[in-house]
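Supplied in structure tokens, the structure appears directly below.
Just so it is clear, A, B, C, D, E and F label the chains in written order, and each chain counts residues from 1 on its own.
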Amino acid sequence: MDKLTLMERFADPELMQQMDTGDKVVAALIVTLLGMIITFLVLTLLWGLIGIMTRILDRPKKEQQPVAPVATPMSSIEATQDDDDDDALIAVISAAIAASIQRPIQTIVVKNIKRTTDRMPAWASVAKHEQLDSRRI
Amino acid sequence: MDKLTLMERFADPELMQQMDTGDKVVAALIVTLLGMIITFLVLTLLWGLIGIMTRILDRPKKEQQPVAPVATPMSSIEATQDDDDDDALIAVISAAIAASIQRPIQTIVVKNIKRTTDRMPAWASVAKHEQLDSRRI
Amino acid sequence: MDKLTLMERFADPELMQQMDTGDKVVAALIVTLLGMIITFLVLTLLWGLIGIMTRILDRPKKEQQPVAPVATPMSSIEATQDDDDDDALIAVISAAIAASIQRPIQTIVVKNIKRTTDRMPAWASVAKHEQLDSRRI
Amino acid sequence: MQQAFIDFFYSTGFVAMTWQQLVMIVVALVFLYLAIGKGFEPLLLVPIAFGMLLTNLPLADMMRAHTGHDPGGLLWYFYQGDELGIFPPIIFMGVGAMTDFGPLIANPKSLLLGAAAQFGIFTTFLGAILLNFTAQQAGAIGIIGGADGPTAIFLASRLAPELLGAIAVAAYSYMALVPIIQPPIMKALTTKEERMIKMEQLRPVSKIEKIVFPIMVTIVVSLILPPAATLIGMLMLGNLFKESTVTNRLSETSANALINIVTIFLGISVGASATAEAFLTAETIKIVVLGVLAFAVGTAAGVLLAKIMNKIVGGINPLIGSAGVSAVPMAARVSQVVGQKENPSNFLLMHAMGPNVAGVIGSAVAAGVMLSLFG
Amino acid sequence: MQQAFIDFFYSTGFVAMTWQQLVMIVVALVFLYLAIGKGFEPLLLVPIAFGMLLTNLPLADMMRAHTGHDPGGLLWYFYQGDELGIFPPIIFMGVGAMTDFGPLIANPKSLLLGAAAQFGIFTTFLGAILLNFTAQQAGAIGIIGGADGPTAIFLASRLAPELLGAIAVAAYSYMALVPIIQPPIMKALTTKEERMIKMEQLRPVSKIEKIVFPIMVTIVVSLILPPAATLIGMLMLGNLFKESTVTNRLSETSANALINIVTIFLGISVGASATAEAFLTAETIKIVVLGVLAFAVGTAAGVLLAKIMNKIVGGINPLIGSAGVSAVPMAARVSQVVGQKENPSNFLLMHAMGPNVAGVIGSAVAAGVMLSLFG
Amino acid sequence: MQQAFIDFFYSTGFVAMTWQQLVMIVVALVFLYLAIGKGFEPLLLVPIAFGMLLTNLPLADMMRAHTGHDPGGLLWYFYQGDELGIFPPIIFMGVGAMTDFGPLIANPKSLLLGAAAQFGIFTTFLGAILLNFTAQQAGAIGIIGGADGPTAIFLASRLAPELLGAIAVAAYSYMALVPIIQPPIMKALTTKEERMIKMEQLRPVSKIEKIVFPIMVTIVVSLILPPAATLIGMLMLGNLFKESTVTNRLSETSANALINIVTIFLGISVGASATAEAFLTAETIKIVVLGVLAFAVGTAAGVLLAKIMNKIVGGINPLIGSAGVSAVPMAARVSQVVGQKENPSNFLLMHAMGPNVAGVIGSAVAAGVMLSLFG
């Protein structure tokens, strides 16, 4: 009886009950080995592809401004996890940082916010307009 | 024919049609009585259990700060029923007004914003963080 | 064979395959004509009904303030398409104040906004109240 | 060509319309007017009335069941959520996530008032039996007096689906009419002195009590009345989401997006079950009459028990008894308004919220009794 | 062990992939590029393209139907909402909750332009018949010219489910291309003087008119064309939620959480219906060609009728006629942009919104005609 | 009358309750305490525990299947979303819309750590075989070590639905216990010097990389492991919604209303699958033991590979290896906290997020292997 048959019996709940422990362990070890090899294989392949992707996409963009996560001290790291264009949000992140590093929140003061563009404001209204844009849904 | 059979016949839509009005009324009165007794029984039991719960839970917590409902004067109650405690909402509505009366939004300059409390400001961002925390969902 | 039968055959996917191109074109032309006539008929009827509706509903309301759409310059419309959010909220709060105290919006400059209460700020709380009102859902 | 037009003409709804459908369309328009123009329960009456309009448009056939290859009408799909008893408990979860049981925990004898006000349910049951309804139908009709829309729909879907439309419309209509139905009864049964009674401030309720309460109620009520477990369980789960404070995302969603979505589907499809043939019957008229009876008796029973309790222990304004019918929070507001008319410095709202939320539990219990006997 | 690896190798998608699937994956990637890189209708093209990608991954079998004990693929469950005609009307409700019919009520002769632009639908129908499609298929293909995604999907699901993927993809693609397809046609059919015409400011529309309008349209259109009741009814219900102002919670949810959820499921599953075997056919090519014809004819018809109306009554810039195809609000913006190029002080947007929303009604009417004849 | 009361008494749950149900109710209360009182994964444990409570209330029968004319219990309807494999992928979409793969793209060798930590899955598989589970059950049990709730539920629903309740409860419980389970293992396997290693700043990742990444992963993983396509595809679609920035509405809804709604339904119904008869078995105890083994082995494997990698290429703090088990973001936080205890100026969080999100991909891959072999 070769291993193909072993695996086949192993995969059938009823036949599997009739296997002796030795066969079961062999089959299970094959699964373990196969599983770990495939897992490493797939994730290593992704590693390689990320490398290729980075080389293709990132080179001509080197001059561009960095978009995302820089390994910085805790504070700015936390900041990058969210929409960094949102001051209120960043404020909240600071609050979280303050909380996690056990410092009084009052020490974080947003001193001055100026709005100089004609941007439409808010939350709700953004959604509304985006909806209008996507009206043809 | 005892009442068990009466109730059984009453609960069967077809047999019930054949009952005379007297029997129906008797059965309905039993339902009324039974129903009111059970309703009172259940809610009275809850009353008792709330009493026990309060005695167990509230005694060691007497020093704690009160958490909830105090009989409030009507004025403030009504206030919460209206949306007037919510500047922000009105703000959004006003934005629409501002837009419809063609005022350039640049004319609104927020010069200085200070956060002095430990309130999390924001809406979306609170949710964001909570989501991050619960990422393993 | 009259046109009733023609249309009936046309509407049956199997019989339709057996029709010659001439018949198909005639049927399709009937559909086109019928379709356009009905479309115009329905929308023209709506035009008439809107006219009637306006005459009935709008006359006693002539003095009321205009509610809606004014032809808006493109610039400001386009502005609304971007979703920059953050504390523009505060800007909008000014608009709200302006609206509620009936003053032109340019005159309002929010110099300093302090949060001094532990109030729920927002949106969310409005919804809460509205929900309470509609609790009997 | 001419023939095609004639054919088309006969496919229009004008030709197929019956006078019953016309009547129902007018009824739908009246409900829309009451909801939008008069502000009567608009969140439910607008979808219900619109559903009623859509379902009575001749040939549109939007309640057509899905069979074989025919895809079925849109409203029929929505209606499955009512018929299978899925939507009302979800709404109850949202309601729980909006409800504060604090006033009830602070003053648990309110529960008696919430029980008394269910008397309307059972007297109406009796009335319905006399009007020749079956026991199942009578139970579903009686529950209108519970002044609780989802409970009424849930019970009707289980006991008398053929009456669901009429029962739902009656329940929500009377809930909207609470400020008109209740005050005369309240005044007739109380003296001026009673109405002027000021009540003591309620004690603060701790967070832990508010967390334990929904769990306790779920277990106790479900053990005594297993058929009430679905409604009570979901109500209390929503409340637990809220009071635990660690599941804000879930309580927010229960009380917003989810309840709104379900309300839309439930409202439209409940209205859609009121087709001309199902609605324009003698039964509907009987249900309408029995429904107002249910409300009136329930209100009276609540007020009278509060009166008696005041005689015995004192310090209870009988006006809060009427709030026991549920119709949260409108019935509690009626107590407040009527009380303040007699004594402008009297603030009964919070005290009335106790019986009010007790009434929700009370009608779920009554529904459980009906299911237990006739389900 | 070795055998196990060989078995595993044969279970991978690399081995099973057909060249057709590869082509479809590339097509999906191109759509993703257009949606994300070029901003063409991303809210729909991203989920559609991703669904197209997922469905063509060999052996993943995500469109596998649920049968017996086999649970079925995820995308098949989503697809039921399209196939049973549930999702498009829900999207229409959300669209209604976002739409302002004010410009149409203020200037109701816009309705004629919304009617004229449906000419593209019917000429395309004719074309499709000549290309040997059945009447049902031709009707579903023609509706691409309505420039209304949910209407196209709804009609295709009823008349020609086998073409749904191709029709949906064509409809949304061309809607995204409106700013490219329309301007040359608009310029070719109008003179510089016409394009420079300034239009009078629209009158304000009262709240009561905006409330009555959706109810009236529902009744009138549904009576004339019962099969259009589902789409028109839900569109107008959403609008009523919005305009009544007493059901803000419902309009907010319709226009946000609910429409977004349904858009995700509809988008993915519509894309998923474009499997290689269903999509890579001669029919798809014909549909793509017929679709652009539909858009072009509809645009031209709208402009030409506006031209004629201007000749008769004056004061109408023919550029607003093209907006009658729907594709709200993009077609109206095209009118604005083309108009402003000729005369920078010319603001046509609001005037074009009238024909634009009329076009939505118009295509629902046209869909109703098709369903009435061939459903 | 007396008889009626006796009958009623026998219809209460008190009479019907078994001791097993009582035990389950107590277990549910303990879970509620852990969730609310101790803050362990409350967003899932509260609904799971409440579902467990409801399902074990005698006679309430809320998991009763819909058959013929019997409408079925509420929780059974919710459970269909688990059983048919619909809910977990939707949750994965929401998770994708909240995940930032930037740290992984910036440091792709994290992927190896995300692979290593899956070793716990396969050793647990071996253990489960030795404890006499079938291969299907062993696969579903092993995946607990993936520390990924939706993956565990998805796999259990496909391979061993009879164990779904126990597996889900074990998976979420251990995920909640990550801060307790992992640190001792991490300390035992590393030296103080290793724990003090500071890591280099991560490079910035461009928007285009973040957009291409989810598409690439979907295609590659699905081609190698077609059964993983559903989970990986939905995870990556959610991420694409987020990273493309042109579909904000969809990512917002995926990550809020939609995931919350599905979480409620999934949580309640997963808990509800833990009925007394299904849960109080020797299997559950085995699963609980195997589950903690899976976590421990996975953690150790991650740390050990990180140690080896540090020996080879240097600059890698082995503490980030434990984050490879997933349990995002708690496992990454544990790395941060443990690292900072040795060296207060050490910030490992972002470096640990790489293996952490890689672990999500890793367990989906492992699940795909199990489905491929035993599905």
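Keep this in mind: a residue touches a chain if its C-beta (ideal position, glycine included) is under 8 Å from a C-beta of that chain, and two chains touch if they have at least 3 such contacts.
The structure displayed is predicted, hence computed values, not measured ones.
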Exercise for the section: Between B-D and B-F, flag the pair that has more C-beta pairs in contact. Expected result: B-D
Practice task
Could you find the chain whose CA centre sits the greatest distance from that of chain F?
Solution key: C
Handout entry: Averaged-CA centre spacing for the pair chain E and chain A, given as whole angstrom
Key = 34
Problem - Distance from the mean Cα position of chain E to that of chain C, given in whole angstrom - result: 16
Exercise for the section: Using mean C-alpha positions as chain centres, tell me how far chain B is from chain E in Å, no decimals. Expected result: 41
Completion exercise
Multi-chain contacts in chain A, i.e. residues touching at least two other chains, fall at 7, 34, 38, 81, 86, 88-89, 113, 115, 117-125, 127, 130-134
Exercise for the section: Pull out every residue in chain E that's touching 2 or more other chains. Expected result: 8, 43, 224-225, 249, 256-257, 263
Exercise for the section: Spell out the part of chain D that touches chain C in their complex, as residue ranges. Expected result: 1-5, 7-8, 41, 43-44, 91, 94-95, 98-99, 147-150, 172, 175, 252, 255-256, 259, 263, 326-330
Fill in the blank from the handout: Listed in rising order, the residues of chain C that touch chain E in the complex are 7, 10-11, 13, 16-17, 21, 24-25, 27-29, 31-32, 34-36, 38-47, 49-51, 53-54, 57-58, 61, 64-74, 77, 127, 130-131, 134
Problem - Residue numbers on chain E that touch chain F, as the complex places them - result: 8, 11-14, 16-17, 25, 29, 32, 35-36, 39, 42-43, 46-47, 50, 53-54, 57-62, 66, 71-74, 77, 256-257, 260-261, 263-264, 268
Completion exercise
So, in the complex, the side of chain A touching chain E is made of residues 2-4, 7, 30, 33-34, 38, 127-128, 131-137
Practice task
Write out the stretch or stretches of chain F touching chain E in their complex.
Solution key: 83-86, 89, 93, 157-158, 211, 215, 218-219, 222-227, 229-230, 233-234, 237, 240-241, 244, 246-247, 249-250, 252-254, 256-258, 372
